[in-house]
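In what follows, structures are represented as C-alpha cells.
Shared chain: chain A. Partners: chain B in the first complex, chain C in the second.
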Partner chain A sequence: MSLALRKTTDIVAATKWILRRGCLNLSTLPEKSEVLEQSGNEVKRRSGRKPVNPILKCRHVYPEFLPDPNPKWRNSLREKLERMDMLKRRNQIEIPEFYVGSILAVTISDPHAQSKTNRFVGICIERKGSGLRAEFTLRNVVDHQGVEIRYDLYDPTIHQIQVLRLEKRLDDKLFYLRDALPEYSTFPFDMDPEILPEGTPVPINPVQVKLKPRPWLERWERQELKGISNIEEHLKEKDRVRRELRKKPWEKYDLMLQYRKTIPIEEQNDIWSEVYNQLHQLQVSQKKISRKRTYSTPKTQLG
Partner chain B sequence: MTTSNLKLLCSNFCKLRLDNMVTRSNSYYKPRYRPPHWYMPKDRVMTDDMVTQENKQFIEEVMKDKLKMQTEMKSPLVEGDVQQTVQWSPFIKRTGLIARKIGNYPVWDKSGKKLQTTLLQVVDNHVIKYIPPEEYKPMRNSTQSGIRTQRHGCLLIGSQTIDPSTVTKDYCGIFDSVGMLPKQHLCRFLISPEAALPTGTPLFATHFRVGDYIDIRAKTIDRGFQGVIKRWGFKGMPASHGVTKTHRRPGNIGGGGEKGRVWPGTKMPGHMGNRWRILRGVKILRINTKYNVIWALGVAIPGETGAMCYLYDTVLPLKKLKTAPPFPTHPPMSDLPLEYYDESIHPFDDSTITLDDA
Partner chain C sequence: MFTSLLSKISSRNLTCGFHTTSCLNEVRLLTRLRVVDNSEIGKRAMAEGKPPKVICVYNKQRVGYIGDRVMVAIKGQKKKGILVGLKQTQKVKVPKFDSNNVVLIDDNGTPLGTRIHVPIPTILRTILKERTHSKGADYTKLLSIATKFV
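Here is the complex of A and B:
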C-alpha cells in the first residue's frame, strides 16, 4: 500500500514539475549548463590537471561551512568549533538544500503570536554570512504590502525550514524584486511543496521580471542583472552614458580579486573532509525520514 | 583631665616620625625606569649561526625531548605535595590567565535571544615564578601613594611555547630553572600570598567558572595616525554649500584673549589605538575544556583577532565573586565534561526552543 502511495505521489510530483516547466516556458538552460560543465570537466581531464575532489561540490549545497576569506578574521580553532556547533544544530533540525530564488516556508517560535509559532512563506532573495552567522532573507507580498524577513540559519527558535520549490534564478541576489511589480514576489501561504524526482539537477528559472517606473531603491542598470526584462524602457540617455562610464570590465580578469574572495582548494579539502561524513550521514537519515512521511499535506485555511 | 590630655599629647608626639622629610633641590627628580629584576631582554639579533645539518638535527631532538618532558610533567597540585589549607575569602586576589582572542560568533539564550560572544583561547599557561611580597619591590610612579597598604606577591605566568633558538640566552634562563622551554608571552599577576602557586603549575580555562565576571586587559587595535573624525567622532563639515578644503578638519580649537592658547586635553588628530585598555565585568557564557576556550559576552574586548589579552577576576563590587571559585586554581582532571554552559545559554545540541503560554 505504502509502495503504491509513494509511486503515485512520485508520478504526481514529476507531472507537476513538468507542467510547471511547461507553463513557465522554460528554456533548456539547466541542461545546457550541465552539458557545459561536463564538457569543461572533460577538457580539464584531457589537459592533465588534477581531478577535482568530488566532495568539493558541497560548497554549493553548504556554502556557510566555508569561513570568511578575510585573513584578519581567520582562526583555525574558531572555525573548527563553529563547524562543530553547526553540525550539532543540524542534528536537531533538517536544514535543507536551497538557493537564492527558492521558495521556502519557515516556522519559527514567536512570543507575540497567538499560537507561539509563526509560519512565513516567501522567496529567498539573499543568502549570506558564514558559520553560525549565516542568514537568509525571505520576501513575499502580503495584503499588497511587501514583507521581508531575515532569518538566521542556525537560530534555535526555528522549528522547520521547508523548501516548497527548489530552483535557482538568473542572479545571485534578487533585491530588484523590491522595485518589480508585486506579482513577481507574491506567493500563496498554502503552497504545496513540489518534489523534484531524485537525481535531477536544480532547475534554473529564467523568468525576467518587469520593473516599476522610477524612483528605484538602487541603480539596477549598473549591476548587469540578467533577471530584468524592461530596464531599457526606464533609462534616459544620461543613465546609459554613466553605465558605460562605471563599467569595470577588467574585474573578471583580476585573479587576485577572485583569490581574496575565495577559500583555496587545499583548505576547502581539509574542511570538507572534516565535515563530509557527518553531513552525508545526516542527509541519508533525513531522506529515510522524508520517505516514511506521507506526502498528503493538509491545506491550512488562512484568514 | 589635664594629665590625660598631656598623656595623649605625649603619645602622639612619640608617634611622630622623621622618615618622610621633604628635601628641596634645584634639579628635577625624574623617576628612572627600573625594570623588574626578573626581566631579561627577549629579542635576539637573528644571525646565520653556521650550524651544520647534524647539529641542527641534534638541536631539534633536544627540543623534542624537552617538549616531551614538559608535557609529561605532572601538575604539582595533583601530586599532592602542596596542601592547601587556606580557604578562599572575598579579600583574596587570585591569579589571572593569558589568553588569545580568536574571534566572535553568536550563541542563543534560552528565550531565543541572540548574543554575540568573543572566543578566548587559553594557550598553554604555566606558572614560571613566584616572588613573595617581601622581595617584590616594583618601580613606583608618581601617581601611587608612598605607603603600600596591601602587600601583594608577584606571579609570573608564561604562555605559548616557542623555539629557544629564537630568543636570548638570558630569557631562556628564566624558564630553564623551572625545566621548561621559553614562552612567547610572560606576564606578571599581583596576587595575595595565600593564592600563590608552585612553579610549573599548568593553568586552564577552568580557572574561571561559567557565569563569573572577568576583567580583560589588552591592547586596542593600532589604527595609526588618525584624523579627528575617526579618533574623536567629530562631525566634520558639510560636503557642499560653499565649504572648501575643510571637510574633515576639526575647525576651531579655542578662544582668544586671556585663553589665547591651545588648552591641554584639546581633542586633536594623532595616534589612535595600541593602548592598554581594561574591559571590566565581562560575563563568561561557555567554557570548552578540551580546547581551553572561554566564550565571553560581547564584542568590545580590545584588540584584533589573534591578540593576547589578560584575564582577571573582576573588581566591580556588584559583580565580584560571591561563592568560592577553584582556589588557588583548578587542578588538571581527565573526567571533566567537554563543555560548560551558563544556565541562560541554549546549547546547540539541545532541541528547538518552544515558547509555552505562561
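Here is the complex of A and C:
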C-alpha cells in the first residue's frame, strides 16, 4: 500500500517536473547541460519567458553541494550538516572552481614523505561524489609511467589546491587517457599557472586524443566519446555491428531517466538559497586576496 | 512474423541480459609484473618480452598489495621481489599506476639493481620500515635507490 502511494507521489512529482521543466536541464554535467541551456535561452528569447535564476548556475561550479539524486541515499538532515561542514572547510582553504580536464596542483601533508608535504600535478580525469565524500582523480605521466591519485575534496590534510589551467574537455570523464598515447597526459611538475582574464567563460579544449592499439581497458567505441580522433581505425567489422546493436538512441527522450538523475528545481532553489550568500562572500574575499597576490608592489631598493 | 519477432527479442535478451563489471587487477598467482629496477636479469627479461610471473605472494590472503613480498619466476629462476606500484584501485591519496611494478631483491632485502627508474609511492617508506626487523631482512635499502617519490 505504502509502496503504491510512494509510486503515485513519484509519478505526480515527475509530471510536475516535466510540465514545468521548460527546456532547462538541471544536470550537473558540464558541457551537455550548457549546450542545452544555450538552446533553451534561444527558445526563451523567442517565446519571451522569464530568465533563469542566476544562482542555479552554481551547480556547475559547486556540483558537490547537490546530493545524490537516488532517493535511497537521501537524508535531508545529513545533507544540511554536510553543507555546513563544507562551508566551514571552504572558510579554511580556498577550493577553486575546476572541471574535468583542468590541470591542478594539489599539496597535501604526507607523514610518509621526507619533507612532510607532497605535491602532485595532473589533469583531472574524474570528479564524483557529493557532500563531504566528493573526490577527484588526477592523472599524470611521470618518467614514462602513468600515475593516478585520487583525492577527497574536503580532506583536512590538503594544504592547497591550485588550478594551473582552467579548462574543460569534450567529455565528462577522461578515463580514455589511460589508453591514449602518453603525451596527452604528460604535464610538467613546474608548470606555471595560467591566469584567465576575469569574466571570460571557461574555455573548452577541443583536443582529440589518439588511442594506442588494442587491447583497451574499456570498450571506448560504445561510449560515444567526442575526445577520441582515431577510434575507427582500430575497430573491426564485428565491433561496429555490436556498437550499433548496443546503441540506446531513446535515452535522450527518456524524461523519467533525466528526472531520476537530477535534483528538482525546488530542492535546488532551497539548497542554493541556503549556501549562496556564504559562497559568494567567500568568492569575493578570495578574489581580493588573489588580486593582492598578483599586484604586489615591488619593494623599493635601498640606496 | 510474430514468432520471428519474439525470437529476435529473446536472442537480444540473451546477449545483453547479464551485467559485467571491470576486473579487479589483483596481483595473485601467475600475474605478469614489470621489473622497474636496472638489475641485469630484470632488464634482459623485460627486453625479451618475457616479464616475470608471480609464483607466491607472502601474505595470508595470497593477493599482493603495495609493499608485499612476492616470489617471481624470471628467466627460469626463482627470485624475490617487492611490489612497488599496483594497477588496482587504491585508497585515497595512494597513487595507482598503469602497470604492476616490482623491484627484485635477494633474501636479505638488498635490491639486485642500483637504480629504480619509475616513481615510487611515499607510503612505501612507512610500510617497508614496519616490515623491517632488527635481525631479519632490511627492506629500506630499496628506498635509497629510488629516484623519485610521488
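In this text, the second predicted complex is superposed on the first by the 246 of 303 C-alpha atoms of A that agree within 3 Å, B and C clash if a C-alpha of one lies under 4 Å from a C-alpha of the other, contacts with A are read in each partner's own complex, and residues count from 1 in each chain.
We take it that a contact is a pair of C-beta atoms (placed from the backbone, for glycine too) under 8 Å apart; a residue touches a chain by one contact, two chains touch by 3 or more.
The structure displayed is predicted, hence computed values, not measured ones.
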Partner chain in contact with A:Arg133 - chain B first, chain C second, else both or neither: first
Touching partner for A:Ile93 - first (chain B), second (chain C), both, neither: first
Partner chain(s) touched by A:Asn75 [first = chain B, second = chain C, both, neither]: first
First, second, both or neither for A:Pro111, with chain B first and chain C second: both
Touching partner for A:Asp85 - first (chain B), second (chain C), both, neither: first
Partner chain in contact with A:Asp152 - chain B first, chain C second, else both or neither: both
Overlap of the chain B and chain C footprints on chain A, listed as residue numbers: 110-111, 152, 155, 157
Residues on chain A engaged by chain B in the complex (per definition of touch): 72-75, 77-78, 81-82, 85-86, 88-89, 91-93, 109-111, 116, 131-133, 152, 154-159
Residue numbers on chain B that touch chain A, as the complex places them: 102-103, 105-106, 108, 112, 114, 119, 121, 288, 291, 293, 304-306, 346-357
Parts of chain A lying in touch with chain C, wherever the complex brings them together: 108, 110-114, 118, 120, 135, 142-152, 155, 157, 178, 217-218, 245-246
Chain A-facing residues of chain C, complex: 12, 15-16, 22, 36, 85, 90, 92-99, 101, 117-119, 122-126, 147-150
